[in-house]
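Shared chain: chain A. Partners: chain B in the first complex, chain C in the second.
Moving on to the complex of A and B:
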């Protein structure tokens, strides 16, 4: 480890521990109006009439007619309305908002408001949807030839379900009005996204809007697009009433009305010749929900990762995101990758099993190497450390010994007399750091600033938000190290768009790798130009690394990502055949995020993400019945606790990225990619079957056991 | 606005309960999930008569306001009850949640109520006019329906002292902590000199109330192990018919299978 990796206390620890941190719900509510959204109770309908109760003085109803600019929330496209026009597209779709000084009264008025609908036929099954939001294709090599020449062709479909972020703090923000200007602050992952959306909806000048982040209790992608919707709604009301308006969701509203991970179906057709994969034809289908929101970019990342970490010479990938009348799917740690990586990892184990080859050996035979082509004919420019990471995880988990022992026992116990069965599984994945393709160069164009005051304190100015992941600490460490200044001389506050440049959103595992490197460069410049006693401002702009093969989004050709972070996960389970309960008895992960800028923070990220991914695999089930989400509480939507994975062993492998600060690359999302396939692999090995869906719960175990029993 | 009142003696609590519409409240771990500002609460955590754990000739008497932590840490508590209580929620919930509240909540998923059912415990109910002692089985009339008068309080739980050592307990939750039972099973088998002195089973989170069918369990009582073995099929068949899961978040077939698997295991472990 480099000296910079040595951990220091996180900047937000003290204020969060002593309670002085100001979350948006902590702001005083005198002179603030409460806004509560009137939402659709049906999945698809024309709105015929909204019948309001008598509104007492000081209470107002806000809807589409009050939007001064355009009734659109600018996300990637602009199909999400601020308030419904004439139709509603999902349960929870906002129609209007009741605003007033007393929250209970607002709730009462809302409950007494009647909406008349003409209900229309909704679509819940994404396979039956004929509204294709996005459709992408790419290929390399000659897939037809691969199938013709194949010894054997494997086909299988994989399914993944919804996943909810369950950040501790729900979505919330406040819009303040003063002299024609709007200031938004709250639980906001991407202040400039919100800024741009408010400008568009309000039709006011860029400089008349400012957006600030308050202390946040988690995001995980769930506060990437939705705050834009809420901010437009709050801004419309604040602008009209010339007052502050606050919208803060309770848990039920947050779960029912905000984005989740896209449910998916992935169909794989794989050609094998001489026990080697020669081609894959992959069809990916994501359920986008009612509006397009972030689906194009989620789908892009999903299909780029569809062949996993493997070198597949002949590849044809088709991806679609279609509309259904459910809450829009959006960003969630991993951003489209967990679905396809789950599918390809399971596919690899199933083919290996059929061929009678050990799945880990089979995977190792196919792993891409430095200099080889990526799925999109880009290049793995830097070393691929997977073989040594697999080696390390295998040793730490005693993988082969356990695998052999458990498999033997599963075979022998086919008569099912033994209560507990064990299994161990392994996955190997990557996550590409930064925006897909040329996004960083063409869309984001990140800018950072360092501001030195005459005393010699240096303030970091970026739009990156610390949601608990520790980026403020990490940025301070980078600047402190580069300037050789004590850490307490570095100032960093939560961003406000009136003060910080647009360094892009806090997404895509880009903060350290892209923005951190800009800060490092800015700090190096400042050090060179340092003049005692004078205020100095250094600005640094993003430059696309020159070694990259330009990415063409229309053909999916070129380097989709400048660098790759790698992970190998092994999970060991014990299944109680009497109850179906799956107990994780061991979890090992080797993660390569380049040089960790703070070892504790990175290990925390890896443990948390790994656990979240294990939850995605075997615990977190969310069902919508006729478009209505049922699991809207912490007791109904089951996420793992620390007690559920008592033995988690995180190891860091360091393969530096040439263009990251001190070699650092993307970290945040990586651990959420490989946990699910590892745990499902462990479960399928314990049960002696092949599995193809996530989540896989106790009930599913019992279904398998029942089938095994009836088959004798 | 005053919406709560704290009682400092049982007498005071019963008078308050009689004269006002108050919801009995100890830890609030269930009540505060759906806190209703219009409701008024009667705090019972400072009623000394309801905080004791004592024994008499036949029973261990648990004050209804005893928290799960207090029960877990008390030397008089039978192991089966400690076992179930220690799997409730998380430490924070166990530190304030009470056995009386768990029973009075009326949920068939209540983990400590399952043990009271399988042990055929009794409840001491009181109002300002007097008190009555009823078997806990009679307390549960139907889905969230209790045999409790508007002015009555659950004061004590009377758990039989003897015959609880050989027990079987399994809580099946969706995770290992902070989990609501998806199925739960408790069994007691008291075998003396190769004879079944007592056999009792209870099934939680399956039906509107915790299932306890004494008439079926009685089939094995008084029998030798060999006789019980012969009756095993009939016994299992009777429970197979008696356990009828109601629709819930967790599948009917799943909960039924788990109940029967655990019941079979319970018998097998006891040599039946």
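Moving on to the complex of A and C:
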């Protein structure tokens, strides 16, 4: 490890530990009005009438007629309304908002409000939806030829479910009004996204809006697009009433109304010749829900990763995101990749099993190498450390010995009378750091600033938010190291768009790799130009690395990402055949995020993400029945506790990225890509079957066991 | 007042004559401005609102005010003035066990609850002891490690 990797105390440690940190829910509520949204109770309808109860003095109803600019929330597209125009498209779609000084009274008024609808035919089954939001295709090589020449062709479909972020702090923000200006603060992952959305909806000047982040209780992608919706609603009310308006969701509202991971169906057709994969034809279908939100970008990442870490010479990929009348899907750690990586990892194990080859050997035979083409005919410019990472995980988990033992036992009749069965599984994945394609160059154009005061303290000014992942500590370390200044001379606060430049959103595992490198360069410049006793400001702008093959989004050709982070995960399970319950008895992960800027912080990211990913595999099931989310609390949407994965072992592998600060690459999302396929692989090993869906729960185990029993 | 109750909150006697069916969580946050106690679910599942009542870890969202008459209540604000807090806080800091921080006050009080009944817990006992406190960020390893470090370095405090 390099010296910079040595951990230091996190900057936000003490205020969070002693309870004094101010989250948006902790701000005083005197002189603040409470806003509560009137939401659709039906999945698709024309709104005929909203019948309000008598509103006491000081209570107001806000809806589309109050939006001063355009009744649209600008996300990627602008199809999400601030308040419903004349139709509702999903249960929970906001129609209006009741605002007033007493929260209980606001709730009472809301409960007494009646909405009259003319219900329309909703669509819940994404396969039956004929509204295609996004449709992408790409190919390389000659897939038809690969199928003609194949010895064997494998076909299978994979299914993944909804996943809810379940950050401990629900979505919330406050809009303040003063002299024609709007200030928003709250639990906001991407302040400039919110800023631009409020400017668009309000029709006011850019400089009349400011957006600030408060201490945040987690995000994981779940506070990437939705705060834009809430901020527009709160801003409309604050502007009309000339008062501060606060919207903070309770847990049920947060689960029912905010975005989740896209459910998916991925269909694979794979050509094999001489025990080697020669081609893949892949159809990816994501359920976008009622509005487009971030679906185009999620789908792009999903289809780019559709052939996993493998070198597939002939490849044809088709991806669609279609509309259904359910809550919109959006960003969640991994951002479209966990779905396709789950599918391809399971596909690889199934083909290997059929061919009688050990799945890990089979994967190793196909792993891309440095210099080889990516799925989009870009290049793996830097080393691919997967073989040595697999080696390490196999040794740590005793994979081969266990695998063979468990596999043998599934073939013995005596096993089938035993109560407990064990299995072990392994996955190998990557995550591309930064925005897809030319996004960093053409869309984001990140800017950072360093401001030195006359005493010689240096303030970091970026739009990146610390949601708990520790970026403020990491940025301070980078600048301190480069300037050779003590860490306590570096100042960093939560961003406010009136003070910080637009360094882009806190997404796509880009914060350290892209923005951290800009800060390092700015610090190097400041060091060179340092003048004692004077205020100095250094600004640094993003430059696209020259080694990259330009990416063309219309053909999906070129380098989709500048660098790749790698992960190998193994999971061991024990299944109780009496109850179907699955216990994770061991989990091992090797992760390569380049040089960790802070070892504890990176390990914390890996452990937390890995656990979420294991939850996605065997615990976190969310169902929508007729468009209504059934699991809207912690009681029925189960996330892992401290006893669920007691033996998790995280190892770091370091393969530096030439253009990242001190060699750092993307980190945050990587651990959420490979957990689910490793768990499901372990379950199929334990049960002696092939599985094709995640999550896989006790009831699914019981189904398999019942089938095994009836088949004798 | 007929419905007046008394209790000790962070070492100070308090008299309360408000709604006795109100949640302790809401009263702590809104009346006493003790916002270190967090609200994550209001149904006793997440543990973010944990406080210590008469030496026991409780979800303050499930406690009606009427129940705390005569009780001694410790919130993170009171606890953070103790030496035990410093030992736990240092231990959490040394392994960066605080991420978003929303579960942290409750998690620290859960740590206190474990160590006050069992100063040298096994890893399994620690995991069971915090299993009523959900954390979505850390994966729990660092928190478990921190409690072990506090037990060792703060030996004698508990």
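Heads up, the rule we're going with is that the second predicted complex is superposed on the first by the 709 of 712 C-alpha atoms of A that agree within 3 Å, B and C clash if a C-alpha of one lies under 4 Å from a C-alpha of the other, contacts with A are read in each partner's own complex, and residues count from 1 in each chain.
Note that contacts are C-beta pairs under 8 Å (C-beta built on N, C-alpha and C of every residue); 3 or more make two chains touch, one makes a residue touch a chain.
From a predicted model like this one, the values you see are computed outputs, not experimental measurements.
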| item | value |
| --- | --- |
| First (chain B), second (chain C), both or neither touched by A:251 | second |
| Superposition-derived comparison: chain B or chain C, residues of chain A touched | C |
| Partner chain in contact with A:581 - chain B first, chain C second, else both or neither | first |
| Which of chain B and chain C A:702 touches, first, second, both or neither | first |
| First, second, both or neither for A:18, with chain B first and chain C second | second |
| Partner chain in contact with A:216 - chain B first, chain C second, else both or neither | second |
| Chain B versus chain C as contact partner of A:641, first or second or both or neither | both |
| First, second, both or neither for A:604, with chain B first and chain C second | second |
| Which of chain B and chain C A:619 touches, first, second, both or neither | first |
| Touching both chain C and chain B, counted on chain A across the two superposed complexes | 634-635, 640-643 |
| Residue ranges of chain B in contact with chain A within the complex | 37, 90, 170, 172, 174-180, 182-183, 249-251, 253-254, 257-258, 261-262, 265 |
| Footprint of chain A on chain C - complex, ascending | 29-30, 34-43, 45-46, 48, 75-77, 80, 85, 88-89, 92-105, 108, 123-124, 126-128, 130-144 |
| Touching residues (chain side chain A, partner chain C) in the complex | 7, 9-10, 12-23, 25-26, 29, 165-170, 215-220, 250-251, 467-470, 598, 600-601, 603-604, 606-612, 633-635, 639-643, 645-646, 648, 650 |
| Residues of chain A that touch chain B when the two form their complex | 104, 419, 577-581, 583, 619, 630, 634-636, 638, 640-644, 697-699, 702, 706 |
